[in-house]
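Below are structures written as structure tokens.
Here come two complexes built around chain A, the first alongside chain B, the second alongside chain C.
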Partner chain A sequence: MSNRTLPRLLQSPAVLLLLVWMLVPLSMTLYFSFIRYVLNNLRRPEWTTPALSNWRGFGNYEFVLKSKDFLFAIQNSLLIVCSILFLTVILGVLIAVLINKSFPGQGIVRVLLISPFFVMPAVNAVLWINMILDPVLGLQGIAVAGLNEMVAGLREMPVLGGFFSLWPEFNPISFRATQTSAYAVIIMVTWQWTPFAILIFMTSLQSEDQQQKEAAILDGASTWSQFRFLTLPHLGRPIAIVVMIQAIFHLSLYAEIEIVSRGNGNKNLPYLIGEFANNNIGAASATGIFAVILANIVAIFLLRMIGKTLME
Partner chain B sequence: MAIVAQNSKYGQTGRTILAWAVGLLFFFPIFWLVLTSFKTDADAVKPEFLFFFTPTLENYTNMTENYDYWRFATNSVITSVFATIFALAVGIPCAYAMAFNPSRATKDVLMWMLSTKMLPAAAVLYPMTFLTKSLGLFDTHFMVIIVLCLINLPIVVWMLFTYFKEIPKEIIEAGQMDGVNTWGEIKEILIPLAWGGIASTALLCFIFCWNEAYWTVRLTTTDAATLSKLIEGNRAPEGLFFGRLSAVSAAAVGPIIVLGWFCQKQLVQGLSFGAVK
Partner chain C sequence: MGRIVLENVTKSFGETQVIPPLDLTIEDGEFAVFVGPSGCGKSTLLRVIAGLEDCTSGKVFIDGEDMTQISPSKRGLAMVFQSYALYPHMTVRKNIAFPMRMAGMPEDEQNKRIEAAAASLNLTDYLDRKPGQLSGGQRQRVAIGRAIVRDPSAFLFDEPLSNLDAALRVGMRLEITEMHERMKTTMIYVTHDQVEAMTMANKIVVLQAGVIEQVGSPLELYHKPRNKFVAGFIGSPKMNLIEGAEAAKHDAHTIGIRPEHIEVSTTEGLWQGSVGVAERLGSDTFIHIHGVDGCDPMTVRASGDVEVRHGDTIYLTPDATQIHKFGADGLRME
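Right after this comes the complex of A and B.
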């Protein structure tokens, strides 16, 4: 008996560390969310130190729920997360099916496709918002300007010119406004995470039942129905996993929002917490608790789903 | 039949072209970053120098003056390496215990570890800042290392656990028969056997540490600031400095992309927690 006690004790450092890491800050957040606690307040200096005498009950929660930003941040978080999930899953499935069968240079294409995933989020944001999406200096601006020039040239043509003169002048889109910057974030994160979806789906496709597939081909099943009735059901689980893991990562998206949309009103929950935390710690903490609840809803689904098969 | 064969031949060519197009499209932004890094700041924004320009290394040679690159890079290396070492030092014994001496609680403990990863970092932003400042650890390497180690510990334990599970129990038990103690089992039997798995876990952990961009930005100012902080802090009117900005960005992500190519498979296992094989 005793020769199993020591080995089991070996897991305690990791467990203890994670326990402290999770419980200490979280219980502080919970505590701060129920008291009045601000960093600067000249009229009520007693609020600048956390104390039970500043108890506010659910006041912070009420304050957060009533603030206009909160609803917007939730909507925006969901818009960003859902769009990214939708795009990465569709693109991921299509591309994974496309490159799954061998073709010349398959290995190289795989390496090209996976690369975006390893780009640091800060670099991802800086690269896209400046060098690609910028309406003047970025590739977008250059491409739109080039297109306009081309159309202007075509207008000079004798007969067809009349047709081209009906074309409007194209305007580049600025991705730094409140709503468009959310799209910029969606584009760059989709670029970064589609490779992850491809990788997971490809790994899963390799374990697809080939005999079943050959039988379907012999029976004259079209490529579409093979995909629809064999491949897609086979990908059900991996899709669920990709959705859940990404949901967790993207609900706490921060660097991209910070770089792309600082100060222009496009915010998600983590960003809103950061804003509150500049002064109103009580409100920041209450928002944090909401974020925890939101993440937990997602997490429960994930744990249920992958928990079963992990232990097989 | 001949028609079918013909069709599939065209199909094959078409698929190859399409696959390459998609691959190149996805890689293009990285290519563009590297290409821009060889242009001068003035050339980088001129449409006429889009693809044809006189390449220069000046952005790379001036990286130290422009951005103090090496200080941030050194911090990134130090924090990522030590965080990975600590995560392995704590994670290997833990995964060993779970894989070879499981108790009834093991499954729940693993699940709980995973759930800590789902805690949104922003929720504990202020308490963490408060704690690090009051302990005098704000902007220190020590704090960044601890935080990086802890946020990656669940993934490290999970990955190691899935690798260790594949090792037949009998081998470990044979060691016990020979009178090897627990420490000896880990050092002399487990680590040599699972070397490949441990190496790829370390690699993946290192990559995640290197790319981390929440705590490294929020808990540092200068002394322990990493490359994430450097890039994120540098948003001033970059319009005029595409060249030098690209050079420093390319230098920050280049090594990691190359490392990443070597651990694609492990990435799947690590991030899907072994659920996709």
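Right after this comes the complex of A and C.
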């Protein structure tokens, strides 16, 4: 017993600091979520200071649940996170396997592939939405206009012209619209985070045992079988890590959503919290508690899944 | 069946030629051991036979068929690797089943073969474990099991015992030799350990820098080494090679005498020297002797309880019938 006291004593400052670090914000959020607390209200000035006399019970939670954006925000959070995870893992594995072979210019290609990860999220969003996805000024607009021009030119052709005149005019897609802005976010974040997946998978591929592969070749395994039965299981652990880290990061996406559409038709939970926090701190806190619950549900699933792969 | 013929095979990595043109025949059912110092090209040669490396020129025949351009899996050979190369996330059963599964063999046939292989290799209790839960020797047996179930025309072993500890190595050596006696399948075994070569092989292929120095049965190589390299490489401790005046007496550039063919005496003998280190093995004593003209130190095998101490004067008499003579070109003279 006594030989454990000293280590515990020595650990306690760190543990205490962590507890305070986490518990204070969490309990303040909990407290705010049960009272009426707004930043500005001319009719009820007493609500502008947090006090127990403003107790509202579960009123804030009810208000958030009934607000039209809440379910939509949760749906959107999950859609964005899951899509990004799916795309980055698949693209990451494919590209990592592709560039794992040695070829001239390998070093440069690798650096270029990693570079999107070093772009700031806000800059990434501005670049994509204005310079690439914009229906008029972006690459997309230019490409669609060029395509239309080409088709128009083909219509002048003597014989095939008739065929091309059946083609419709192409319309660029507006990625700031209600339905499409979430896709814009998914595209830009996938672009930014695929390098992260590639980086992790590539290091893992380099530690793959070459003799195992040779044994598999002699055992008659095709390239696909080698990938399926050796490389993919070998990548199980890094995939779990990539999924976990990205899930944590992407549940709290904010900058991209703000820049693409200012939350118009495309909100996730953090953005909804931000909107409430413009004035209604109570509702924002209640949403925050919902976000904590959602994050915990995701975390439990993830930890189960990852725990399994790590145990093996 | 498993007669392997190499015709004029060469192998280069870029500019460096690691195997100059080489011919070799391994008969069906033979246990051939490729032995040589590190970097002599013996593993490369094995990989060329397996098809894991393309030969730069020349041809590889297996059972009379030209296999030079055939993919490794279609050559009907099974290989056991030094690092075992087991698939870490599969159980032992799945590891052994893998080649059959790739070949699309029916499930019950697979199971029959797995059970048979596991029984003969003492693996039955471990079939549901993963390789990470097995000891080195067990892993090596799984690797052998994976090779056996394919029913190959020849087994290729690439230094399979070098990751095992000494006691286990002796045990596995016996097991593999026993397996060969039972199955009568061609085996090619690569090692740098001449003891393994001597104890296991019907045919030893001694390689140096990609060149075959000699091919023959263990005792042929022991009694009639074709050149100085083979003489020094085969046999433990190494043969003593003596140059200079002593060799000239036998009309040779170099003479060789094995440590076990020298008589030791404290009173009289042909050569005189002083005792250096004496390595006592119990059954034998290896004495390193300094001061003998033309060969320093000279190693002698004496009986286990011979009374010598460091610095003692000692007399040596070689067995005249066991002296090997080599010319200036290093080749054996009769």
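The rule is short, and it goes like this: the second predicted complex is superposed on the first by the 275 of 312 C-alpha atoms of A that agree within 3 Å, B and C clash if a C-alpha of one lies under 4 Å from a C-alpha of the other, contacts with A are read in each partner's own complex, and residues count from 1 in each chain.
By our rule, a residue touches a chain if its C-beta (ideal position, glycine included) is under 8 Å from a C-beta of that chain, and two chains touch if they have at least 3 such contacts.
Predicted model, so just to flag it, every value in this text is computed and none were measured.
Peer 1: Once chain A of both complexes is superposed, is A:G236 in touch with chain B (first), chain C (second), both, or neither?
Peer 2: The answer is second: A:G236 touches chain C but not chain B.
Peer 1: Return first, second, both or neither, reflecting whether A:M150 touches chain B, chain C, both chains, or no partner chain.
Peer 2: The answer is neither, since A:M150 touches no partner chain.
Peer 1: Using the superposition on chain A described above, determine whether A:K101 touches chain B (first), chain C (second), both, or neither.
Peer 2: first
Peer 1: Have a look and say if chain B or chain C is in touch with more residues of chain A.
Peer 2: The partner with more contacted residues on chain A is B.
Peer 1: Once chain A of both complexes is superposed, is A:L65 in touch with chain B (first), chain C (second), both, or neither?
Peer 2: After superposing on A, A:L65 lies clear of both chain B and chain C.
Peer 1: So, does A:A216 touch the first partner chain B, the second partner chain C, both, or neither?
Peer 2: In the superposition, A:A216 contacts chain C only.
Peer 1: On the A-aligned overlay, A:P25 touches which partner chain: chain B = first, chain C = second, or both, or neither?
Peer 2: Only chain B; A:P25 stays clear of chain C.
Peer 1: Of the two partner chains, chain B (first) and chain C (second), which one does A:A122 touch, if any: first, second, both, or neither?
Peer 2: A:A122: touches chain B, not chain C.
Peer 1: Can you give me the overlap between the chain B contact set and the chain C contact set on chain A?
Peer 2: none
Peer 1: Would you pull the chain B residues touching chain A in the complex into a rising list?
Peer 2: The touching residues are 12, 15-16, 18-20, 22-24, 26-27, 29-30, 32-33, 36, 45, 47, 50, 90-91, 93-94, 96-98, 100-101, 103, 107, 109-111, 113-131, 150, 153-154, 157, 176, 182, 207, 210-211, 213-214, 217, 227-228, 231-232, 234-235, 238-239, 242, 245-246, 249, 252-253, 256-257, 259-261, 264-265, 267-268, 271-277.
Peer 1: Could you please specify the touching residues of chain A with respect to chain B in the complex?
Peer 2: Touching chain B: residues 3-4, 6-11, 13-15, 17-18, 21-22, 24-26, 28-29, 32, 95, 98-99, 101, 103-106, 108-123, 126-128, 130-132, 134, 136-137, 139, 142, 145-146, 191, 194-196, 199-200, 203-204, 207, 237-238, 241, 245, 248, 251-252, 254-255, 258-259, 262, 269-271, 273-274, 277, 281, 284-285, 288-289, 291-292, 294-296, 298-299, 302-303, 306-307, 309-311 of chain A.
Peer 1: Could you list, by residue number, the parts of chain C that touch chain A in their complex?
Peer 2: Contacts found on chain C: 50-52, 71-74, 77-79, 81-83, 85-90, 98-99, 102-103, 130, 143, 146, 150.
Peer 1: Which residues of chain A touch chain C in the complex?
Peer 2: The contact residues of chain A facing chain C are 209, 211-212, 214-222, 225, 229-230, 233-234, 236, 312.
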